[in-house]
Amino acid sequence: MTAAELAARVGGTVDGDGAIDLTRLASLEDARSGDLSFLAHSRYEGAMVDTRASAVLVRKDWDGKCSCTLIRVDSPDAAFAAAAEALGPEVVHFKAGVHACAVVADDARLGEDVSIGPCCVVEPGVVIGARTVVMAGCYLGHGTVLGEDCKLYPHVSTRERTRIGNRVIIHNGTVIGSDGFGYVAGEDRTWMKIPQIGTVEIGDDVEIGANVTIDRARFGKTVIGNGVKIDNLVQVAHNVRIGDHTAVAAQVGIAGSASVGGHVQMGGQAGVSGHLSVGDGAIVAGRAGVTKGVPAGEFVSGYPAMQHGKAAKLRAHMMRLPALKQRVAEIEKELADLKKRLDKVS
Amino acid sequence: MTAAELAARVGGTVDGDGAIDLTRLASLEDARSGDLSFLAHSRYEGAMVDTRASAVLVRKDWDGKCSCTLIRVDSPDAAFAAAAEALGPEVVHFKAGVHACAVVADDARLGEDVSIGPCCVVEPGVVIGARTVVMAGCYLGHGTVLGEDCKLYPHVSTRERTRIGNRVIIHNGTVIGSDGFGYVAGEDRTWMKIPQIGTVEIGDDVEIGANVTIDRARFGKTVIGNGVKIDNLVQVAHNVRIGDHTAVAAQVGIAGSASVGGHVQMGGQAGVSGHLSVGDGAIVAGRAGVTKGVPAGEFVSGYPAMQHGKAAKLRAHMMRLPALKQRVAEIEKELADLKKRLDKVS
Amino acid sequence: MTAAELAARVGGTVDGDGAIDLTRLASLEDARSGDLSFLAHSRYEGAMVDTRASAVLVRKDWDGKCSCTLIRVDSPDAAFAAAAEALGPEVVHFKAGVHACAVVADDARLGEDVSIGPCCVVEPGVVIGARTVVMAGCYLGHGTVLGEDCKLYPHVSTRERTRIGNRVIIHNGTVIGSDGFGYVAGEDRTWMKIPQIGTVEIGDDVEIGANVTIDRARFGKTVIGNGVKIDNLVQVAHNVRIGDHTAVAAQVGIAGSASVGGHVQMGGQAGVSGHLSVGDGAIVAGRAGVTKGVPAGEFVSGYPAMQHGKAAKLRAHMMRLPALKQRVAEIEKELADLKKRLDKVS
C-alpha cells in the first residue's frame, strides 16, 4: 500500500512522497524502511529526527522537521487504529461452531455463527448472541446472557444469571459474578455469610481486562454501564455501579455499593471506599484513595484523596517542612535575643 | 409466603399486616409490591419513607415511620440471610458424580455424593470429602486433601499436598499453593531459586474470593485458620499465618512469614510487610501499610501505619500546614517590627 | 543420609556429630529429631537455642551456641536449596507426551519429551522446546513460541505470537499477551479502541508468579529480560521493558511504556507511572509510587517516591508536626509578652 493510498484510507493528506510503499507498522524508534509510524504526543518529537520510518502520521498542524513522508491527520491515534487494519499482523480468526471438546447444555440458545472453543463449559439456560466468540476454557454459568459480537478470551468465567451486552470484550481469566464479600458478625465473633443473590449487568461496548473480578450484588445488581473500559486486575465489589464511558486503570479497587459516575477516569491502583459516590466526569489520579464523595468534574489525588490543586499545594508545604522548622528555630533564637535586649532596657 | 410465616421463620415479630404475601427480595429503593426488603443500617433510613416494599426487616428497637409491614428482628442482616433461602432465586445445584469430561486419577478417593464438573483434572493421591462440589475446570494437584461440603467454583487450582478443611468455599480462578517468591542473590548478581517445599493448610469454614493467590511455604506450611474470610485478588505470601475468623478485604497483600492474628479485620488494598506480626483483634484500615508489628486490639491506619487516632491527628496537622506557615510568616513580621521599636528605645 | 554426607553434597564442613541421620527439612521452630534446619538470618538466631533439629546449616563464621550438629557453609540459603533435592518431598513429575484430553493443532511443533497436560489447548503455529512441561488447562495462542525446559503450571494462557525463552517458569492463572489498555477519546466522549498489534517477549530463566497479567505492546513488544523474577498478581502494561535480573514483588503495577532497568528490586504493591524510566540497580521500596524517573542505583520510597533518606527525613518532620505547632504557639505567646513589655518601656 502506498502512502497516498493509506492517507486516503485514514482521511489524511500526504506531505512528501505519496508513492512510497508501506508494509508494516512500527514505533518511531524501531521503524525501518517500509514502515509507517506515528507521532501521538510531543513527548516523542525528538525521535522524528532519527526515525527510519518511510512515513509518519502526524497532527495536521505539526510544524517540526522530518526527512520522511508525513501523513497529516486530525488524530494520529485514530489514524493508527485504522492503519492497523491494513498493515497490522493478520488477526486471529475463530471458526463458527461448537468445538467437539466443549460441553454445552442442551437448552443453551446459540445465535448465528457463534464460536465455542475447546474445553468451554456452557451451563443450562445460557443465551449467546450472534457472532459472539467464546474462546477455549471459558465457563458460562446457568442462565448467563451474552449479547452479539462479543469476544471472551480463554478462561473467562461468569456465574449464574450474569447479563452481558453487545460487542463486549473480556480478557483472559476474568471472573464476572462471584459472590460479594458480605458477612454478619455473630455473637460468638464468627462470620455468618450473607447470601449474595443479586447479579451483574454489563452494558454494550464494554472492554474488561485480564484477571479482573466483578462481584454479583447482594441483591439487585452490580452495574457496568455502556462503553466502560476496565484494565487488568481491577476489583469491582458487590452492588457497585459504574456509569457509561468510564475508564478504570489497572489494579483499581472499588468497594461495595460505591457509585462511580459516567465519563470518569480512574488511574492505576486507586481505590474508592464503600458506599461513596464519584460524580460524572471526575478524574481520580493513580494511587488516589477516595474516602469521601467526589463532586462531578472534580480532579482528585492523594490519600485521603482531595481536590488535586489542594493536594499538590499540601505536598509542596510538606516538602518545605524542614525549611519551616529551620525558620521556627531562628525565630526562637531572635526572640531570646530580643528578650535579653529588653531586659537591659527595662 | 406471608409476612407472618416469614417472621416465624426468621424469629421476628410482625408489626402491621401479617397476611401480606411476599414473593421476592429487593433493596429498599428497588422494591415493588410483593417484595421483602431490609434496613441494615441507619444510613439507609431515608429510603424507608418512599419504599414500595410490602414488608421490611428492621431492628427490634427501630422507631422510625414506614407505611409498610415491619418485621422486627435482632439482626436484619442475619434475618435477610435466612429469608434469602425462602424467597431468593433458585440456588444452582450440581449433580453428584464425576462428569464424563473430567480427568480423575485412578487412586483419587472421592467421598459420598462428591460432584466433579467437566474439564476438571484430579491428580493422583487426591482425597475429597463427602458432598464437596468441584466445578468445571478446576485442577487439584497431587495429594490435595479437600474436606467435606466444600464448594470450589470454576478454574480454582491447588498445587500438590494442599490441605483444605470442611465447608470451605473458594471462588473462581483462585490459586492455592503456588511457589513462594524466594531467591538467593548469587555472586554474579543473578537470582537462584529457593525450593518451596512446604505446603498450604486451610482450616474449616473458610471462604476465599476470586483470583486470590496463596503461596505454599518455603518449608513447613502457610496457614489459613478456621472461619477466615478472604476477598478477591488478595496475595498471601509463603509462610504467612492467618488466625481464626480474620477477615481480609480485596487486594490486600500479606508478605512472607508475616503473622496475622485471629479476629483481625483488614481493609481493602492494605499491606503487611514481611516477618511482622499483627495481633489478635487488630483492625488495619483500608490502604494502610503496616511496616512494624501491630499490638493486639489496635486500630491502625495510614502509611506507615500507626495507631488510628494518632494518624488522624497527624493528618489534621498536615491539612493545617498552610495556616501554620502563614502564622510563622506573621511572627517574622512582628518580630522585625519589635526589633525596630527596640532599636529606637535602646 | 548422614550429616557428613549432606555436608559433602552442599560443600560444607561438619561441626559436631557427622554420623547423625537426617531425613527431613524443617524450620528451626518446627524441627524434630532427624530434621535438618538452617539459619539464614541473624533474626532467627534466638531459635537456635531451643531447636530440636539434628543439624543446622549455618554460615561459616557463625559463632553462636547450639547443642546440635552444625554444617558450616558459605550460604545457608543456597545450601538449603541443594539439601531440598536430597531431603525434600518427592518432586511431582509429569510424563512426556500429549494427554488424550488435550487439543493440539496439527501443525504445532513439539520438541523432544514435551509434556502437554489434559484440557490444554495448543493453537496452530505453536512451537514448544524440548522437555517443556505444559500442565493441565493451559492455553497457548496462535504462533506462541515456548523455549526448552519451561514449566507452565495449570491455567496459564498466552495470546498469539507470544515468545518465551528457555527455563521459564510460569505459575497458575497467569496471562501473557492480553491487549494493552489503549483508547482514543472520540469527539462524542466515547472511547475508541487502539489496536494492540504488538507482542510480548520473555527472556531465559524468568519466573512469573500466579495470576499475573502482562500485556502485549501496542506495537513492537513488551519485553521481560533474562533472569527476571515476578511475584503474584503483578500488572505489566503494554510496551513496558524490564531489564535482566530484576525482581518484582507481589501486586506491583508498571504502567504503559515504562522502562525498568536491570537488577532493579521493586517491593510489594509499588507502582510506576507510564513512560517513566527506573535506572539499573535501583531499589523501589514496597508501596512506593514512582511518579518521575529514578536514577540508576537510587533507593526510593514513599508517595510520591523520592530518595529514601529524604523520604525518611520528611516523615520524621511530619511526625513532629504537633511539636512544631506547639512551639509556634509558644512563640506567639512570648511575642505578645514582649510587645506588652515594650509598650511599657516606649
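Per-chain residue numbering starts at 1, and chain names A, B and C are given in the order in which the chains are listed.
Operating definition for what follows: contacts are C-beta pairs under 8 Å (C-beta built on N, C-alpha and C of every residue); 3 or more make two chains touch, one makes a residue touch a chain.
Quick caveat, the model's predicted, so the values are computed rather than measured.
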item	value
Copies subunit C and subunit A - interface residue numbers shared by over half, same or different	different
Rotation angle superposing subunit B onto its copy subunit C by C-alpha atoms, nearest 5 degrees	120
Centroid spacing, where centroids are CA-atom means, of subunit A and subunit C in whole angstrom	25
Multi-partner residues of subunit A (at least 2 other chains)	101, 119, 137, 155, 173, 211, 233, 251, 269, 303, 318, 321, 324, 328, 331, 335, 338, 342, 345
In the complex with subunit C, residue positions of subunit A that touch it	25-27, 30, 43, 75, 77-78, 80-81, 84-85, 88-89, 92, 99, 101, 117-119, 135-137, 153-155, 169, 171-173, 205, 207, 209-211, 227, 229, 231-233, 245, 247, 249-251, 263, 268-269, 286-287, 303, 315, 318-319, 321-322, 324-325, 328, 331-332, 335, 338-339, 342, 345-346
Subunit B to subunit C touching residues, read off their complex	101, 103, 119, 121, 123, 137, 139, 141-142, 155, 157, 159-161, 173, 175, 178-179, 181, 183-184, 186, 189-195, 197, 211, 213, 215, 219-220, 233, 235, 237, 251, 253, 255, 269, 271, 273, 275, 289, 303-304, 313-314, 317-318, 320-321, 324, 327-328, 331, 334-335, 338, 341-342, 344-345
